[in-house]
Amino acid sequence: MKLLKYILPVLISSLAVGTALAADAPAPSPLEKAIGDVATMRVGIDTLWVMVAGILVFFMNTGFGCVESGLCRQKNTVNILAKNFIVFAIASLSFYVIGWGLMFGNGNALFGTSGIFGVGGDDNSPATGDAYKGAYKAIAWAGVPLWAKFFFQLVFAGTAATIVSGAVAERIKFSSFLIFSFILAAVFYPVTGHWIWGGGWLAAKGFWDFAGSTVVHSVGGWAALAGVIVLGPRLGKFGKDGRVHPIPGHSMTSVFLGVFILWVGWFGFNPGSTMAVGDGSLVAHVFVTTNMAAAMGAIGAMITAWLLLGKPDFTMIANGCLAGLVAITAPCAFVSAPASLVIGLIAGVLVVLAVIGFDKARLDDPVGALSVHLVNGIWGTLAVGLFAKNSVQPGTAGNGLFNGGGLTLLVNQFIGVVAVGAFTFIGALVVWFALKKIMGIRVTPEEETEGLDIGEHGNESYPDFLTRAPGSRHS
Amino acid sequence: MKLLKYILPVLISSLAVGTALAADAPAPSPLEKAIGDVATMRVGIDTLWVMVAGILVFFMNTGFGCVESGLCRQKNTVNILAKNFIVFAIASLSFYVIGWGLMFGNGNALFGTSGIFGVGGDDNSPATGDAYKGAYKAIAWAGVPLWAKFFFQLVFAGTAATIVSGAVAERIKFSSFLIFSFILAAVFYPVTGHWIWGGGWLAAKGFWDFAGSTVVHSVGGWAALAGVIVLGPRLGKFGKDGRVHPIPGHSMTSVFLGVFILWVGWFGFNPGSTMAVGDGSLVAHVFVTTNMAAAMGAIGAMITAWLLLGKPDFTMIANGCLAGLVAITAPCAFVSAPASLVIGLIAGVLVVLAVIGFDKARLDDPVGALSVHLVNGIWGTLAVGLFAKNSVQPGTAGNGLFNGGGLTLLVNQFIGVVAVGAFTFIGALVVWFALKKIMGIRVTPEEETEGLDIGEHGNESYPDFLTRAPGSRHS
Amino acid sequence: MKLLKYILPVLISSLAVGTALAADAPAPSPLEKAIGDVATMRVGIDTLWVMVAGILVFFMNTGFGCVESGLCRQKNTVNILAKNFIVFAIASLSFYVIGWGLMFGNGNALFGTSGIFGVGGDDNSPATGDAYKGAYKAIAWAGVPLWAKFFFQLVFAGTAATIVSGAVAERIKFSSFLIFSFILAAVFYPVTGHWIWGGGWLAAKGFWDFAGSTVVHSVGGWAALAGVIVLGPRLGKFGKDGRVHPIPGHSMTSVFLGVFILWVGWFGFNPGSTMAVGDGSLVAHVFVTTNMAAAMGAIGAMITAWLLLGKPDFTMIANGCLAGLVAITAPCAFVSAPASLVIGLIAGVLVVLAVIGFDKARLDDPVGALSVHLVNGIWGTLAVGLFAKNSVQPGTAGNGLFNGGGLTLLVNQFIGVVAVGAFTFIGALVVWFALKKIMGIRVTPEEETEGLDIGEHGNESYPDFLTRAPGSRHS
């Protein structure tokens, strides 16, 4: 730390005036020096914003762990927390080793082929535009150092992997989940990510997803749906008489903490996807659309639950908020503030209907991950085609259907939803089936009844408290 | 995300050199370009700081929810969490729809009248000073985009609404609370806010409240006091024999989490109220005064509790910290570091005495919200009149009584405390009474005994755990 | 808040062009003005980063409280939370009153002697290099205001004090712990800190510790080890038959929250220790090395526990992550990304072995603080000597053994480890013994059996829940 101050100016000035100054060039004029300082400072500010936003997205792992464990039974708490914890470590490794390069490496329309191992490609970031030379051209628009880009994209990859965790909770084998997560962050997420953010075919087609309703959330959702189908429902969830038995979660305090942490995290997820501060106006705009959609999602779900279920169920309010956040993720930088209220409100209604619908379809998703991430990931992606307004960020998505842009954008969005869904769902189905064949993906019925905490980890989550005997609460 | 880099420079340069350059003007010189870049960057940095600070303030909702639910019984946990969660969504809606304009819209000495619906007024922010043209002149001193100003002020409005929640906990009807919160964030908070931060009569008079000891905290406190009076105490709190029965909270872990999250959030609340980074010195100063007051509040309350109650009660330590934070909120940018230690220490003593006093007055405040926010909101506001030191931020509050400034400032602060208190308390009393008449504000005794979680929401907070039967623990 | 905008430009321009402009000098040219603005803005950005990083480090207190209480029994929860809460308040006071000056004040090779009371020395920060005049020359390399430096260093001092808390949990007297913490933050931490970061003899010798594997973590660890020895083990931990009885913690949810919050906090701890943004590249580099070491620590501990204990124990995974973070703290800015994976992986293995080893040595550390902070503080410090690579941050630590730098650096690191360890361990031992003699440091066996929550604080942590009778669970 001590000598840093002597070193930094050297680094800075060499970078800042690097292009203007050869080693033997005359000293820069005060004006040249000032221009160089300004350029360096812009890179610094943008990096600062990307790192802060990245921390917020990282923090979402905590939120997911709290929401998911809170919505499940105490006997499986350690297992869920351990999954949500280690999955980010696994994603860190796999996205470092291969995912980053597959997603952002120069390559073809389908995946990256350059510098795919160990973030090993050439890269002279923060150089942008024509000045950029290296292997990761698709993200050369962002004027921050390579490691800043990597960290920010890594926390997104981690999010996709985490989404699966909740849907398969309370019955999946820990070891199988680890392997699936590694593959998801190493291959599935990067490949469709390449199509959209890595310069692939969907980007070329005019598909727009600002911060990842599709790239992150519905990808996680499709992978989760495949898992839910292959795994089957938890014991006791669906009675032989066709009745659905609710299995309440063990801690609403955890759910509360988790949803608020996720809301906080989304202020990194969406506004941070600018990857630049600029004059602050786009960042501030995205903050407001993100916040309003979250608020209206919570209100929409509360009203829907109140009407349909008779009371303002807290888990519905919580999932309504998350639904609003997922839905605004794609359009947040393309739509106006009033539109964000509508998008969030609809998301809040959708999530309640979806939770009821998946139960009717006998697809057992303990935490509502499919209703939140898959259904509203799709809704948000399509909402771009409906509500996009060119004046919000000129020259990007253009105008959607409701702003006189016709059907083109909506159709492109629809194509993206279907293509990403088909690839991820089928791919995940294959992997889940293969894992089932090779090593099994489900714990024994005895372990499921007793709880996965002891079976998988040898831990109890709350050993000092008297709990209802496993199996006694929910028949 | 992809095309952003191509768009941003266009936006930036058009803004930065906007005044210097008509469409057909000659290209700017390198110096003009550099000056424009610097101006843009300053807006960007300030926006970044305002948004980060806004996130921290937003996070305070999580803290309030944890503290309040932790200090109440487990049978009411879901209800308290749901209130604290939805109240921010409600405030987002009402402050967007009307509150912002009432508070910051150009108008008279009492409230704003321009652009009051849907943040709908003209505004060319980040233009400042004479360059500003628009409907929100009172906040034109802040050189950030309109949406940044709105977001930062919204999270403050949400805080005021949240404060009420704790004081009325464990007996208020969910629906009535929602309506009251909407009105508070739409009308009460913005009106007195206009007096002080919106260019109204108290600002003109020379009343100083840097970050809201009065604007936010005592307003919330007065509204809460009215609620406590109209609602009456919880069943079993005050015995017929005149004895006070303590009703301990259900989770000190929640309290711990909540207080620390609030402390973190206050690093946005107070230093963020600069709404500009400048050379960083004022921001850094406010960090230190804020932190020292919090620390001394905790220490002061610990010592007071140890002396008066015989042991260092943890809930007192926690509330002492919050008391120090509330008290330093008004003076944080006007007083020296040593003064902040004194202000915090006194706050810590005051909060313990106030908790005991409110109990004696048979005003039932389950979480100590009145002692923290009302009593110390007043103390902090008056402390400006005592400890303000002109050299800390020249040309603002000037010198208080202890720095040779005489009584003028102290008298102004006192007038503000009384005026805001009278308006908010009487107004809130009227609304609470009206709600009581129209729809009732209190749950039935049966529901109160059983717990509001099932009665209001149909949820249990911790269904897997064996709990003491409702009503069995506290007679 | 209101008049700020009128004040700030005055402050800014006076600072920015202060050296160029005497009061009667001609107005600056546009270029001079722009250069001044750029200089001011750089200070502003750096301050913003230091404050944000400081908040993250502050937040680590929350994480430590959650991890430590979660790994202990519910009957001692309030006590642990209260300790972790008040310890930061105490450290705030003692580091303000004396610690800062002892650490950073100009003085001799052993401790500071100028401006040691109340941050009271002269200081014209943010002036740097030759322009700096004042009492805190050792930190004059950081170009931010004095209060920013103080706040950032304060949160580090608080961390060192907190580390002790976990190791002495479940048996230490609250009052004795308070006094020890005050002394640690006032004297022990600052003195060895002066040796390394305050311009003392170890800095002169070429000892490198970027963010505090030794300065913070092993210092906390040595003080904790002394406490563990003087206190003795908890009742029932070590049987007369030589058997070790595991005493599981009461909430894995708390542990999960705590570890993730610590991981988040470390993104301030390590990258923030740059205390400058520069062009962002060093900051981004440190983010990645920090993250990869944490991830590999978790993976390494999981695999080690799986192999040695038969199952992937969650508390081991959690401590493995912390071990990776502690280990990368010294080398994070001196080593490459691939090296950070190796350092973290080894830390994850070491922590599991150390936990088992301390149990064998009959040193009772309820939360594994010694294994995390002491063992891996040492490992991380030595890792600088092995993995340092000059090209990562030229002109600092240079090359370590594995990069052709020979043994010099490794030897210097070793000397620092031994010297700091000897001073802190012996000093702490003396203080613990003195406290034992004067006032006692351990609660009575009755209180230990019943739990410290009631004995020390008169609180219960979870009064609404049925718990196993104290003493019944663990014989």
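Chains here go by letter, A, B and C, matching the order in which they are written, and residues are numbered from 1 within each.
Here is the rule we go by: a residue touches a chain if its C-beta (ideal position, glycine included) is under 8 Å from a C-beta of that chain, and two chains touch if they have at least 3 such contacts.
Computed from a prediction, not measured in an experiment: that's the story for all the values here.
Common neighbours of subunit B and subunit C, listed by label, are A. Residue numbering shows that subunit A and subunit B use the same positions for less than half of their mutual interface.
A separation of 31 Å divides the Cα centre of subunit A from that of subunit B. Annotation for subunit C: residues 31, 34, 38, 41, 45, 48, 52, 251, 257, 462, 465-466 touch two or more other chains. Within the complex, the subunit A residues that touch subunit C are 1-8, 10-12, 15-16, 30-31, 33-34, 37-38, 40-41, 43-48, 51-52, 54-55, 58-59, 61-62, 65-66, 69, 77-78, 81-82, 84-86, 88-90, 92-93, 96, 118-119, 126, 144-148, 150-151, 154, 174, 251, 254, 257, 453, 456-466. Put simply, subunit A touches subunit B in their complex at residues 31, 34-35, 38, 41-42, 45, 48-49, 52, 56, 73-75, 128-129, 138, 141-143, 197, 199, 203, 209-211, 248-253, 255-257, 259-261, 263-264, 267, 271, 273-285, 287-288, 291-292, 294-296, 298-299, 302, 309-315, 317-318, 321, 337-338, 341, 393-396, 462, 465-468, 473.
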